[in-house]
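Here the chain labels run A, B and C in written order, and each chain numbers its own residues starting at 1.
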């Protein structure tokens, strides 16, 4: 039986499963995790990136019309540099 | 070291490097080092009009620390091998795919 | 053990020495100069350095001289194709003093936009604001 003794064990148990990753710079990813290292560099496939866009900030100073929009983008195979990772969340197991 | 090895197997393949300043550069991966600094040849910048300073640049060195993503050619990545190597927790040094 | 692994990338900067290079810094500055030396941290020595600014189709240069650039500030080092540079259509060089106000304004507008965006995302979505220094380039 595999147990979790240190933080990275959680990621190890998520290998080849779909994980959720939150990144600096208002970005989120979901994808299938294939590799990681001690820097939390990741290699994922079948990735969907969600980016937060703010519309209506072109006015300087921005008016109250600014709204948050969400854009998504798909990528086949992606290396993610570890220094941008805020959190990695494994798939829910019920 | 594992990820360094993966990049080494991808030399001479086309990759897209996305930097933390939102600049995206597609090019042929010429070399990589253990800091994941990257050399790209025959580069093409996405949305070149917004980055006029890149127009006369044909090949470049990118410091690893400024990289956000690298989009890899999935047909040249053996995911099963990656998972096994990651589980072993060591570089797949002895493995033939190191080349 | 790590020291036995050759610095393949830094090593391959050999062919860039004594060539005219573009250096992009983390604060967004663009420097042009002749690369004279480098090391494994991407510390660079740049000779006859000029800073370039762009606005629309115009660019301008401000002469600085000899620089040693600390590697952590370097985003990208690009080899300038001198033939290609002369062929870029509709690009003209103007006086630095004339272009500087436009460039400063561009930078300021971009900064304000990003601050406003970060504030809204912080309030509405719980995304943290980036620190004062760091990824502002």
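Assume a contact is a pair of C-beta atoms (placed from the backbone, for glycine too) under 8 Å apart; a residue touches a chain by one contact, two chains touch by 3 or more.
Remember, it's a predicted structure, so these values are computed and weren't measured experimentally.
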Nearest to the mean of all protein Cα atoms is the Cα centre of chain B
When A-C and A-B are ranked by contacting C-beta pairs, first comes A-B
Separation of the C-alpha centres, chain A versus chain B, in whole Å, is 19
Here the gap between chain A and chain C, centre to centre from mean Cα coordinates and rounded to Å, is 28
Touching two or more other chains in chain A are residues 25
The positions of chain B in contact with two or more other chains are 20, 65
Multi-chain contacts in chain C, i.e. residues touching at least two other chains, fall at 135
Residue positions on chain B within touch of chain C in the complex are 19-21, 23, 30-35, 37-39, 43, 52-63, 65-66
Within their complex, chain C touches chain A through residues 109, 112-113, 116-117, 120-121, 124-125, 127-128, 130, 135
The chain B residues in contact with chain A across the complex are 1-3, 6-7, 20, 36, 64-65, 67-74, 77, 79, 82-83, 85-87
Per the touch rule above, chain C residues touching chain B in the complex are 2, 5, 7-13, 16, 22, 24, 26, 28, 30, 40, 42, 52, 54, 59, 71-72, 74-82, 84-85, 88, 91, 135, 137
In the complex, the residues of chain A that touch chain B are 12, 15-16, 23, 25, 32, 34-37, 41, 43, 45, 75-81, 83-84
